[in-house]
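Have a look at the structure that comes next, please.
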Amino acid sequence: MSETQSIIAVRKGKSGVERTMNLLFLLCGLTAVVCVVFMTLYMVVAGGPIIAKVGFFDFVFGRTWNPENSQFGIFPMIVSSIAATGGAVLIALPCGVLVAVFLAKLAPDRIAAALRALIDLLAGIPSVVYGLLGAILLVPLIFNLQTALRLPTSGNLLAAMLILVIMILPTIISVSETAIRAVPKEYEDAALALGSTRLQSIFKVSIPAAKSGIVAGIVLGTGRAIGEAMAVIMVAGNAAIMPTLLGPVRLLTTSIPIEWAYSSGTHRDALYGIGLALFVMIMAINTIFRKTLKKGGAFDDG
Amino acid sequence: MTGEVSRQTVITVKKRRPLETLLYAVILVVSIGVVGLTAFLIVYILIQGIPAISVKFLTTAENPILKTVGIFPSIVNTLYMVLFTLLISVPLGVGGAIYLNEYAKNRRLVGAIEFATETLSGIPSILYGVFGYVFFCVLLRLNVSLIAGVLTLSIMVLPILMRTTQETLKAVPQSYREGALGMGATKWHLIRTILLPCSLKGILTGVILSIGRMVSESAALLLVAGGSAMYMPRGNLFEQMSHSGSTLSVELYRYAMSRGDNKTAFGIAAILIIIVIALNLLTRFLAGRLNR
Amino acid sequence: MKGNTEIQKLRTEDLHLYYGDVHALKGINMDVHSRCITALIGPSGCGKSTFLKTLNRMNDTIPSVKITGKVILDGEDVYGKNVDVTVLRKKVGMVFQSPNPFPMSIYDNIAYGPRVHGQKRRHELDEIVERSLTSAAIWDEVKDRLKKPALGLSGGQQQRLCIARCLATQPEILLMDEPTSALDPISTSKIEELIYDLKKEYSIVIVTHNMQQAARVSDYTAFFLLGELIEYDTTNAIFSSPKVQQTENYITGRFG
C-alpha cells in the first residue's frame, strides 16, 4: 500500500481554469439581466422627460397629436393599439383553437404534421412581407368596401386587424395545440365512456382542461400583436386620429418609425415617450402572461 | 315481447346530430382556410417575386441615373449582420445557458436570469430599436451603423439561443455528468468533452432560429442601422460596419413604402421567403425527422 | 469486528448527512478493508446509496446537502481542507446503477479518465485501454471495434465497459451502486465474476438490494435501515447468525 496516492491538492483551491470558466459563464448568464436593467433604465431616461413636461394626464389622455404645435396627446394611438390588438385576438382566437383541435384530435398524423410545418412557416415570414401582402392584396379589397360605403379610400383599422390575425394565428394555434395535447387521454375516455360523442368530449372536457394553456396562447398573441410595427404601417393609413373600423389609424408602435426620420428635439423626445408607454403596456402583458403560465403549471403538476 | 321493446340496441340507425355535423364542417372549413391561405400567400409571393430576380438584381447596387435596381449591398449587409451578431450572441447565449443549467446554485439568481430572458423575448422589436438608438447610437457614440444593428440584434436573439441551449442541456442524461465527474473530471472538462458535443444539434437549431429572426428583422434595424443601401460595400470591413446600411427586410420596406416599387419589393420578399423556407427545412433536418 | 487482521483502507467517523431538513445518514461509523468486497444492503431509501456517494463526494453536486463527520481514506480526511476532489475521484472510482457510457467510441470512453488526468500520449493510452478492457473481461468482445460507438453495446457489455472505464484511471477503491440492477441474469453473473476477480487488486464497496448477490460476492456486509448502520460484520456472520433482530428480519424477507 505504499503506492497509494494522496488526495491533498498540490495547489490550493480550485484550479485557475475552473474558476475562470465559472466566472465567464456567470457573466454570460448575467448579460440578459444587465440588458433588461439597461433597457428599463434607458426607456425611462429617454421617455420620461417628455411625459413629465407635457404632464402624464395630457400625454396619455390627450386627444391631439400635433408635434409641430407641440401637442403630444397619444390617446388615439393607445385606443387604436388596443382596438387593433383586441380585434385581431377576437378573430384569431376561435380560428386558432379550431385549427388546434383539428391538428391535435381530428387530422390523421401525417396530414397534421404537414399542416403544422406549413403553419410554422407562417410564423417565420418577416413582418415587412406581411405588410407588403396586406398593401397589395388586402387594402385594395377594402377600398371596394369603402367606395361602396362612400368613405374615402385609405389604409385602415380593419386591414391592420386582419394582418395581425394572420401574424398571431401560428402562435395561438401552436400554444393551444400543445395545451390540448397535454390533457390526459383518460379525461376524454371517461367522457366517451359516458356516451358523449367525440366532439362533445373535446369541447366539454379537453378544451376546458386546456384552458390555462389557451389563455397563455392568447396573452402571447396579444403581446406579439401589440408590438408589431412594420406590417401595420404598410396597411393602416397612419393618421393619428381616434380609430374607426374603416378609417385610417396609427398605433403606438407605428408612430415611432413613421416620424423617426424627420423628428428631432421635443418631437423625438415625444417618440421616446411613446416607446415608454408601449414598454409599460408590454411589461404589464408579460406579467399577466407569467401569472397565467404559473397557473397552467399548477394544472400540469396535478 | 315487452322486454324486447325496451332493450336498447347499439345498431340503431345513426342518430342525426345536425349541430355536431355543423361543428365538424366549421372546424374543417377554418382549418382548410388557414392552411389554404398560408399556401396561397407563399405561392403568391414567389410568383410575384421570382420574375424580378436576376443575376444583375443580385449582384449590383441600385443606380438612380441608369434607373436600375440591385440589392447586392443589402445582401452583403445582411450577411455581415448575421455573422457578427452570431459571433457575439452565440458565446453569450450558450454560456448563459450553461451557467443556468450546470453551475447556478442560487435559486434567486436563476430566477432573475430566467425572468430577464423571458422579458427580453417579450419585448417588441420597435422598442429594441428605440433602446438601441438611445444606448448604442447616441450614448456609446456608434451612430446609426451596422455595428449598432449588430449589438441590438445580439440582445434580441439572446433569449432564443439561451432557451434552445438550455433545453438541449436538460436533455443530456444526468448519468453522463455523474460518469465524468465520478472519474474526477472538472466541470469545465465535462462541459468541453461531453455537454457541448452532446448539445451541438440543439445549439445549431438555436443558431438557425436566430438567423431567421435577424433576417426578418426590420423595425429595430430601421432605427439603429439606417435605411439606405445604395452604395456598394466598402473594401474596409471596419469602415463598412461603422456606416449605416440596410438589410434585405429594411430594403423591402424602403422599396415598398418610400418608392412604391412593388416589383422590387416582391423580388426581395421572394428571396426572404426562400431563406425562411430553407432555414425551416434545416431545423427540421436537424431535428432528425422531416415530418414530426 | 473481525476485520482487524486486514488492512483498513477507509473509515467513516460519526458521518451525518442532511438533505435540507431530512436527516438521511445518522452517525455512520464503518471500516472498509483493503482488497475486500464490502456489500451495503438494506431496503430502498435506507441511505446505502447516499452513503456510497459520500465516499467520493458525489453528493457535492447536490446543493442542499450538508455533511458532518469524517471519511478517512488512507489517513486523509476526504472532507478535509485542500482536498482535490478530482484526485479523490481518480482514487475512488465509481460504477453506477445503470450503465452510462458516454456517446463516443469505446476507445474514447476508456481513454476519457486518463485524458482527464492529463495523459495525452497515444501509445500509453492504447496500452491503458487494452489493459483496462482486459481487466474488465471485455477485451475479446470489443477489440475489433474500439472505434465504434459504445452505445451500440449490449447492456451487460456497457456495464463492463463502464467498469473498464473506471479502472483506466487506476483507482484504489471501486464504488459500485447496484451495478447489476439494470441487467439480465447472464450479464449479472458475468459482472459478479468480474467483481470477484477485481478484489485481488481493488477494495470494492458495492450497494445491492439483492441479498443473494451480497452473500455470493462479498466478504463483509453492512445492513442499513432508515439512515442508520444497524449491523456490520463478515458476510458469513451476517447471513448465518445476525446479532440484531432487524437484520434477521430483513434477511429472512420479513420486510423490504
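A, B and C label the chains in the order they appear, each numbered from 1.
Keep this in mind: contacts are C-beta pairs under 8 Å (C-beta built on N, C-alpha and C of every residue); 3 or more make two chains touch, one makes a residue touch a chain.
These numbers come from a predicted model, not from an experiment.
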Central chain (distance from its CA mean to the mean of all protein CA atoms): B
Distance-maximising chain from chain A - centres being C-alpha averages: C
Interface with more contacting C-beta pairs, comparing A-C to B-C: B-C
Geometric centre distance via CA averages, chain B-chain A, whole Å: 15
Centroid spacing, where centroids are CA-atom means, of chain A and chain C in whole angstrom: 53
Whole-Å gap separating chain B and chain C, where each centre is the average of the chain's CA atoms: 48
Touching two or more other chains - residues of chain B: 186
Junction residues of chain A, two or more chains touched: none
Residue list for chain C, restricted to those that touch at least two other chains: 87-88, 90
Chain A-facing residues of chain C, complex: 7, 34, 73-74, 76, 78, 80, 82-84, 87-88, 90-91, 172
Complex interface listing, chain B residues touching chain A: 17, 20, 23-24, 26-28, 30-31, 33-35, 37-39, 41-42, 44-45, 48, 91-96, 98-100, 102-104, 109, 112-113, 115-120, 122-127, 129-131, 134-135, 139, 155, 158-159, 162, 186-188, 191, 212, 215-219, 222-223, 227, 249-250, 252-253, 256-257, 262, 265-266, 269, 272-273, 276-277, 279-280, 284, 291-292
Chain A to chain C touching residues, read off their complex: 1, 4-10, 12
Residue ranges of chain A in contact with chain B within the complex: 15, 17-18, 21-22, 24-33, 35-36, 38-39, 42-43, 45-46, 94-95, 98-99, 101-103, 106-107, 110, 113-122, 124-129, 131-133, 135-137, 166, 169, 173, 197, 199-200, 203, 223-224, 226-230, 233-234, 253, 256-257, 260-261, 271-272, 275, 278-279, 282-283, 285-286, 289-290
Partner chain B, residues of chain C touching it in the complex: 56, 58, 61, 63, 85-90, 93-94, 96, 98, 100-104, 112-113, 115-117, 162, 165-166, 169
